[in-house]
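These are the structures, in structure tokens.
In what comes next, subunit A is part of two complexes: it sits with subunit B in the first one and with subunit C in the second one.
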Partner chain A sequence: MRFVDEFRDPALAKTLVTEIEAISARLERGRDRPFAIMEVCGGHTHAIFRYGLEGLLPDLVEFVHGPGCPVCVLPMGRVDDCVAIAERDEVIFATFGDAMRVPGSKKSLLQAKAEGADVRMVYSPLDALTLAKRNPGRQVVFFGLGFETTMPSTALTVLRAAREGVQNFSLFCNHITIIPTLRALLSQADFGIDGFIGPGHVSMVIGTEPYRFIADEFAKPLVVAGFEPIDLLQSLLMVLRQIEAGEARIENQYARVVPTQGNPAALKAVHEVYEPRPTFEWRGLGSIAGSGVCLRAPYAAFDAEKRFSVPDVKVADPAQCRCGAVLTGAAKPWACPEFGTGCTPETPLGALMVSSEGACAAYYQYGGLRGEAA
Partner chain B sequence: MCLGIPGRIVAVADEEAMLCVVDVSGVRRTVDVVCVATPDAPLDTLVGRWVLVHVGFAMSVIDEDEAAATLKVLTEIGEAAAEMEALASGSLDPLATPAA
Partner chain C sequence: MNPPFPIPARRTFTAKTVTLAHGGGGSAMRDLIDDVFLSAFSGAGRAAPEDQARFDLAALAARGDRLAFTTDSFVVDPLVFPGGDIGKLAVCGTVNDLAVGGAVPVALSCAVIIEEGLAVELLRRVVGSMAQTARAAGVSISTGDTKVVARGACDKLFITTTGIGVVRAGLDVGIAKARPGDVLLVNGLLGDHGAAILNARGDLALDTTIESDCAPLNGLIDTLIAAAPGIRMMRDATRGGVAAVVNELAEASAVGVRLSELAMPMRPEVQGFCEILGLDPLYLANEGKILAVVPANEADQALAALRAHPLGREAAAIGTVTAERPGRVTMETRFGGERIVDMLVGDQLPRIC
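And then the complex of A and B:
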């Protein structure tokens, strides 16, 4: 427990770890594999590694790092589409910084920028709208990506653009939703996850009710968690307590930020602007029905896919990469033949190595305590 | 991008456009407050409140202790610096200058 003393409340952290150890000891009998608890959110993955939480856990409990890093699940074909739009003379392509280095099949947005494309890193979609107003002779395209956490920001920006009559602004919408994704994961025959640490800020927007099917239909516990080490340990303990009691419920450890009903104003904007796509492709996971959204018909004028022709070509991930197996928890990052050799944070092959929230980048940077990979 | 950062609302920038000025560790910028505003209440009721800011949008009202704890976590996991840098330099907001 060498890191515990650094936590906000070291005594509480020690109590939680002791409790987790005690439950683990009681559950150990007759168990031939560890309890696999998936944290869905990339921010949680990052925090787990930074605080060395894996090293505090008994052997019978392990974190599995789920697909909740939006940059990491972006397929190569969509990056190629971004590059194609960005390379048009009339376009200013605005994006969050996180997306700049994600590899496409030929280049990343950063490489396209180096070759002369007008790619601008912005902090907010509102900044892209400001760019459009300041450059009336250009087409400003914002690259919208992320789960429900960032979806309200782009929806509200589109609504603002419509209200203000800004005609040279559009959104290249690559938003994805968490619920169909979790359902697809749970429906896999060999999905060996025993419980979930639910995402904090996605839940701040959608609330806790949409997770109910995980308990009702799949009999798995889910606890929505905050980002402090104490939050994560407490949430893990709550999941394990449910497992021990043979229960499956949705609980909310992060109630100080996550209301049961989510954020009504954010949800209203999201539902006003977006509708589900029939299917959306994920890097490493293939296509998942209903997991992506696009702009509804009344906002089609702001849809970059309608304004510009995009190649929309599916590009297979590099054959040797094991991103999909890592994303679903079927393989640890160090089991990939490219990990740390062909694929590093400086020269990523797969997107899990790009973002600090990706499982591979986290293992590379902090070292998997059990894989000893770094 | 997904973790956001706590800031304190210090002024109303544009009542009709639902914009307020937020101070995030000394960096100020305007943020959209649609998601935290009480319907039909004037925005100045938000001044002084702490909010969690995600990519230019206030998404949740939090208390001061929560804000301090969140900033500490973000600093420790190395996300605060990146978020502050994006907020200050990636922004075109004329108000995004260090507070005096």
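And then the complex of A and C:
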């Protein structure tokens, strides 16, 4: 397949792995623990497991799977709010597919649907707007979820709904933004990450400038990466080269997609429609200041939280979950006592078992071959 | 003396849509069964309308030494899709379930549940394709049942087919019979049916020409068994795809299976479809593909026999059975990485980003 096979070329992968091995052999002297490189984005986590990249790397280099899976970090209380909205008689609740299975404290959207709620899987927020126009007697609510990657599409949908005067469409906004969360992680005293693989799709929207503080204030390298295995190996090599040279810079491996300044049109729509919330809760990490957005006052009419009263109950993560430690690289998934026993993809206890992009689900499904051997 | 009352040999069914009256047990139902089903299924000779089909035991016993018996229900949406319809699917599914057990399929039943309001023309099309597929597979549709339910009580049309077949004497294939060193074969391109159905639902608005691979495989399996008499196991890779079958095999046989990503035969369109939606083609359903495990010394001739058959031109060896990691399926990725291939919990759901 053109434009895909090139980025999965075995010969090129071998060359990159050889270089990574060489650099890690040079770095090995005087080192008592592996270099921990965090891939922030859930899409990267998925790709690392799908292509078996961990098994190709020398022992001195390991991936730590970061908090960039929007489905995983959604708090249970918000899922309960979704279910409460979806179960109203007048509501058609439209959502992306992989949000259907996320467990709330009582049920998931999939269970609510089975019990009679009108929940529809859509592929774009614009499909939800079309649903609203076709069903003028119903209230259509779109479950807005994700980082800056999906924000422009929901923002543009709200703008179109406003322009066209669609009265029966609203957005249940759970959009989150990665920068404050990275800052919160980096500010933790025991945060043992040596460098970052930066998110590709988010950066396509926000550009590479917002990451500058990671290099300037925290002296860690970050390389924005694409999602193919060659992209990831090359980005890892770029991070290691910075470490070897004693540098900390923001680099862009994914320049074929990510412009330095991001996408101005997308950012304009996002800023027009959304403003930061004081705080937003992340499953596994707790409340983080400025890490969520909500609709600005001029678009309040499209805010499902204002249109429908939601329970808005905080549900604590199960005490035995070690998701927070896994997210910060302090523990491996299989070190959690619930991993694979109390917590499985069928009955996830913790955030990271929820979506195939979550680190624990990825280990469970695609194999911590390293973990099994350990 | 009264004049003889003429009874028509067959009554023509003229309604445009099926109504609850056609399930009521009266003449409306008899007309539906007679004109839509029996005329399509019974061919030239029509047996008296008994409540059961009857088979001559001696004739069956002459073809093998065990009876195979299987059933499957079909609820696909949409009813008609590129490459087939629910009728073709209902015959192929049960024929293939018999054939992968080493049986020669003999006869099927056909039970339908119809939602009132279904267009009779559509029903005729589906029944016609059942009849045509059964003829192509060399099986008869020998008994059946029709129910009509109120709107909303089922989705347009559900079909259940049950089949019997005769297992060849001396042949004993099974999911627990794989041994280290054996080779895993597939008869062609993977994922076509799953991709075609997802695409035919229309909400993806992708412009592709992927067709379902839906086909009866008993003929292909005849040639395979002739070429590889030591064959261990066959399964059709339907729901859950290749990944589900191989995991069942690894568990039941207490062996490891190592797949090769590079060896998986797949259409570029299906690969592209999966890339766009974030789906894994190993989990997509097939309706015309078998996985077969053969001993290593019969692998070449088995592969050659598959490739010589019209339904096996793209056949490939996709993996080997190992003694390591019993119960586990691993896959060598295209550049030498390794990952575990597990079963899915539920359906594959497209990812957000």
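Assume the second predicted complex is superposed on the first by the 363 of 374 C-alpha atoms of A that agree within 3 Å, B and C clash if a C-alpha of one lies under 4 Å from a C-alpha of the other, contacts with A are read in each partner's own complex, and residues count from 1 in each chain.
The criterion applied here is as follows: a residue touches a chain if its C-beta (ideal position, glycine included) is under 8 Å from a C-beta of that chain, and two chains touch if they have at least 3 such contacts.
Keep in mind that what you see is a predicted model, and the values were worked out from it rather than measured.
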Superposed partners subunit B and subunit C on subunit A - clash or fit: clash
First, second, both or neither for A:356, with subunit B first and subunit C second: both
Touching partner for A:150 - first (subunit B), second (subunit C), both, neither: both
Subunit B versus subunit C as contact partner of A:205, first or second or both or neither: first
Partner chain(s) touched by A:22 [first = subunit B, second = subunit C, both, neither]: neither
First, second, both or neither for A:98, with subunit B first and subunit C second: both
Touching partner for A:186 - first (subunit B), second (subunit C), both, neither: neither
Which superposed partner A:257 touches (first subunit B, second subunit C, both, neither): first
First (subunit B), second (subunit C), both or neither touched by A:123: both
Contacts of A:70 with subunit B and subunit C, given as first, second, both or neither: both
Selected from 77-85, 221-229, 239-247 or 275-283: the stretch of subunit C that, after superposition, runs into subunit B: 275-283
Doubly contacted subunit A residues - partners subunit C and subunit B: 8, 43, 46, 50-51, 70-71, 96-98, 121-123, 127, 146-147, 149-150, 201, 229, 356-357
Residue numbers on subunit B that touch subunit A, as the complex places them: 1-4, 17, 32, 34-37, 52, 54-57, 59-60, 62-63, 66, 69-70, 72-73, 76-79, 82, 86-87, 90-93
Residues of subunit C defined as touching subunit A within the complex: 203-204, 268, 271-272, 275, 280, 330-340, 342, 345-346, 349-353
Of all residues in subunit A, those that touch subunit C in their complex: 1, 4, 8-10, 13-14, 43, 46, 49-56, 70-71, 96-101, 110, 121-123, 127, 145-147, 149-150, 201, 229, 345-346, 355-357, 364-367, 369
Residue numbers on subunit A that touch subunit B, as the complex places them: 8, 41-43, 46-47, 50-51, 70-71, 96-98, 121-127, 130-131, 134, 146-147, 149-150, 152-153, 156, 160, 201, 204-205, 227-229, 256-257, 263, 265-266, 269, 356-357
